[in-house]
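Take a look at these structures.
What follows is chain A paired twice: with chain B in the first complex and chain C in the second.
Our next item is the complex of A and B:
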């Protein structure tokens, strides 16, 4: 686990640099075990930074989310770098964004966190409901230690670990300027067993399954907005003329929305799982994304967000690409 | 009207009786609790905290047709809300009922919204008191509500263990109580008093609070304050806080062509947190960033609305806090407003 003092020391150095305008990290949340994004602009603010298994957010999203306002006449745009703290999975979002030329490598400073896994906050809150005081979560060996209200609870890691971490291939960031701790070896592999199970279902079973899920979607677009790969300045969903997607919320439009989003992420989703984490009505969106991820790996031996020098999958063509699945 | 009791063994048959109306109750979709129309009483899930999506969607649907049109036919076929029939929302929480009475003021203000108001007229609200605050982020008592609040409700049910205490609060409630009379018995003596004690206990368990005094007047003076930049820095610009808010009521109106030459005019929820919400046809956006949008969300609830309607448009249900993906916390923002100078 990253030592907080070391993290703050490095962050202080980084934010003191003349060529860095902002550092994005984590700080304590407002209640319970929550942690939340922190936006540091001066060395004085560095002491609020933390890292713990509660730091679930993928901060790579903020690199492409910031609104670019016109610069007032007579002023120069602020071209200084943005520094960002990333876990292994989050770092893949940076790699994929750079593969797609969202920005150049020299625009960012990456503080890599070798990650030993984060919690599933829903599981934590189910286990310890109604904790108001700001509690802390730490990992010691194979146990999460939760400290709150003068209590100290130990829970086996497996029971609170986020599902995505159970099959993480890249716990150590794939891109960084500074690594904040020792590298973490791959502690699991992804056998896609969950997706294999889903594939076995009949078309009717799949439809009944997704009908229940999609019918409760409220189209809050949190899945799109939290996604580090959903950074089109002009999203097809927001278009009014022509209007590609109706604003009506019903099963048909909701289904179209989720299928369109899944297709737009094929060969691009880096499996940070943020879409599924934020969904207020618990639609298992990663099942769609993982199905495409599996297909892409099997068909093209390609994993998104692993090589910033390689071209994006859908921008490549090889004469020996498989085409036996094309009708 | 004298208080009654509804034995828990008879809840199913009472609900069965109510299925002759459009009966809406909390039910599970996988593990998510939502309000939906039920025809089988077994679907009702009353042992719940609060629903993810508030029951506002029953009287103010997320998408509703206003009228239909056809090419070559000058007649507009208007939606007749009456056809939806008498509706009973069973088991909603007091905060969500209070939210409806707050939103009523908007929909009956300068223009009387026929769709909303007709639906409200057709709907009877049977509330379920919160013996325990459902969430750590409940703060209804700061806004004049209560876990046992009666405002906006027609009947209040209180879970007394093996039965519910049934208190009719309005004429509509008394009518419904009459309809259910075969399933009700007289409430034990002193039970209403006991419920009052339980209410005081539940209020005491509300963990979070804010003193709202002075906030409506102070907010407009903080227009350019740095707190908005900080409060919105992490905002993703999604619609969770507004769509899941029981008092948020903004909508968009769009024409949708359904088949060749046929279409409808429909309205659907909109969110002031979406960038497109204030986007002008010229391309100019008067709320260009999440800073202005966050400022608007808080100011609308805590300043503009009370200025016009004399009530804060927030009931303290805590949904926007519980479900925000980046832990933006309205109580923290309000505390900063109070402390700001």
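Our next item is the complex of A and C:
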């Protein structure tokens, strides 16, 4: 686990540099166990920074989310770098963004955090409901230590660990300028057992499953907004001409939305699980994304977010790609 | 389901590339080859032009099946458009199957300009496939019947 003192020391060093404009990290949330993003612009603010298993957010989102306003005449655009703290999964978002030429590598400073797993806040809240005072979560060995209201609770790691961490292949960041701790060896893998199980069902059963999920969607677009890969300035959902899917919240348009969202992440989704985490109606969005992840890996031997030099999956082809489905 | 819908005539939207499949379908016509009349052809310049969302949109708007047809690999007028299309629709088809849309509804074929006879076979195969799974009743838009 990263020591907070070391983290702050390195962060102070980085934000004091002349060529760094901003540092994006984590700070304690306002209530409960939650952590929230911190946007640090001066060395004095560095003492807010923390890292704990409560730091679930993927901060890579903010790099592309920032609005690029036109610069008034006579002023120079601020071209200084942005520093960002990333876990293993988040670092893959950076790699994938750079693979798509969203920005150049030298525009960012990456502080890599070797991650031993983060909690699933829903599981924490289910276990300890209505904790309003600030609490802390730490990982010791294979137990999460939760301290709040003068209490100290130990929970086995398995019970609170986020599902994405149980399938994490890259706990150590793949790209970094400074690593804040010792590298962590891979401790989990994804066998797609739930996807395979779903694939084996009949068409009617599959549709019954998804119909129930999609009809719940309220089209808040949280999953799109939080996604580090959804950074198109002109999103297909916002288009009016052609209007790919209508604004109405009904099964047809919801299904269309989820097909479009998942398809646009085919060969791009890096399995950070943010979409599913933010979904207010608990649609298992990762089951859609992981279907593509599995197909892409099996068919094209490609893993998104692992090689910034590789061409994007759907912008390339091999002459001997599988075509047994073609008449 | 096939018995239940024995008089079901599917609507099939076909996206044909200008250079091969459209000419192939044209040849089938000028050669007076009979094939099922369930296909509505949309001509595009290349199978690589077909956005996978077209498939989704066609199914939404009441198509029972979608066919994308292009030149054989290596014959693309634009050198590589059909290779890109192949990757896209492999993924789209698998994904729709995963959601519960029968794979018979989303088909792709290579038909060259000289393959009028193959076009007939492709259409028969697609129409029979869609007939066997019945009308699309999953996520099409609600139709208003005045």
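Here is the rule we go by: the second predicted complex is superposed on the first by the 324 of 327 C-alpha atoms of A that agree within 3 Å, B and C clash if a C-alpha of one lies under 4 Å from a C-alpha of the other, contacts with A are read in each partner's own complex, and residues count from 1 in each chain.
The working rule: a contact is a pair of C-beta atoms (placed from the backbone, for glycine too) under 8 Å apart; a residue touches a chain by one contact, two chains touch by 3 or more.
On a predicted model such as this, the values are computed, not experimentally measured, just so you know.
J.: Looking at the superposed three-chain arrangement on chain A, would you call chain B and chain C a clash or a fit?
T.: fit
J.: So in the superposed three-chain picture, is A:208 touching just chain B, just chain C, both, or none of them (first/second/both/neither)?
T.: second
J.: Touching A:250 in the superposition: chain B (first), chain C (second), both, neither?
T.: Both partners, chain B and chain C.
J.: With the two complexes superposed on chain A, say which partner A:1 touches: chain B (first), chain C (second), both, or neither.
T.: Touch status of A:1: no partner.
J.: After lining up the shared chain so the two structures overlap, which partner does A:323 touch, if you call chain B first and chain C second: first, second, both or neither?
T.: second
J.: For A:145 in the superposed arrangement: first (chain B), second (chain C), both or neither?
T.: A:145 sits against neither chain B nor chain C.
J.: Considering only touches as defined above, state whether A:179 meets chain B (first), chain C (second), both or neither.
T.: A:179 contacts neither chain B nor chain C.
J.: Just chain B (first), just chain C (second), both, or neither: which does A:281 touch?
T.: So A:281 only meets chain B here.
J.: May I ask you to decide whether A:308 touches chain B, chain C, both, or neither, giving the answer as first, second, both or neither?
T.: After superposition on chain A, A:308 lies in contact with neither partner.
J.: By how many Å are the closest C-alpha atoms of chain B and chain C apart after the superposition?
T.: Scanning every C-alpha pair, the shortest chain B to chain C distance is 6 Å.
J.: Chain A residues touched by both chain B and chain C?
T.: Touching chain B in the first complex and chain C in the second, residues 250 of chain A appear in both lists.
J.: Which of the residues in chain C end up touching chain A in this complex?
T.: For chain C paired with chain A, touching residues are 52-53, 56-57, 60, 73-74, 80, 83-84, 86-103, 107-110, 122, 125-126, 133, 138-142.
J.: List the residues on chain B that touch chain A in their complex, please.
T.: Interface residues on the chain B side: 29-32, 34, 52-53, 62-63, 135-137, 207-208, 230, 233-234, 236-240, 243-244, 252, 254, 256, 266, 268-269, 271, 274-276, 288-290, 321, 323, 325-329, 331-332.
J.: Residue numbers of chain A touching chain B in their complex, please.
T.: Residue positions touching the partner: 29-32, 34-37, 39, 57, 61-62, 65, 67, 69, 129-132, 212-213, 215-216, 218-222, 224-226, 238, 240, 243, 246-250, 274, 277-278, 280-282.
J.: In the complex of these two chains, what residues of chain A are touching chain C?
T.: These residues of chain A touch chain C: 198-199, 203-211, 214, 236, 244, 250-253, 255-256, 259-260, 262-263, 266-267, 288, 291-292, 295-296, 299-300, 313-315, 317-319, 321-323, 325-327.
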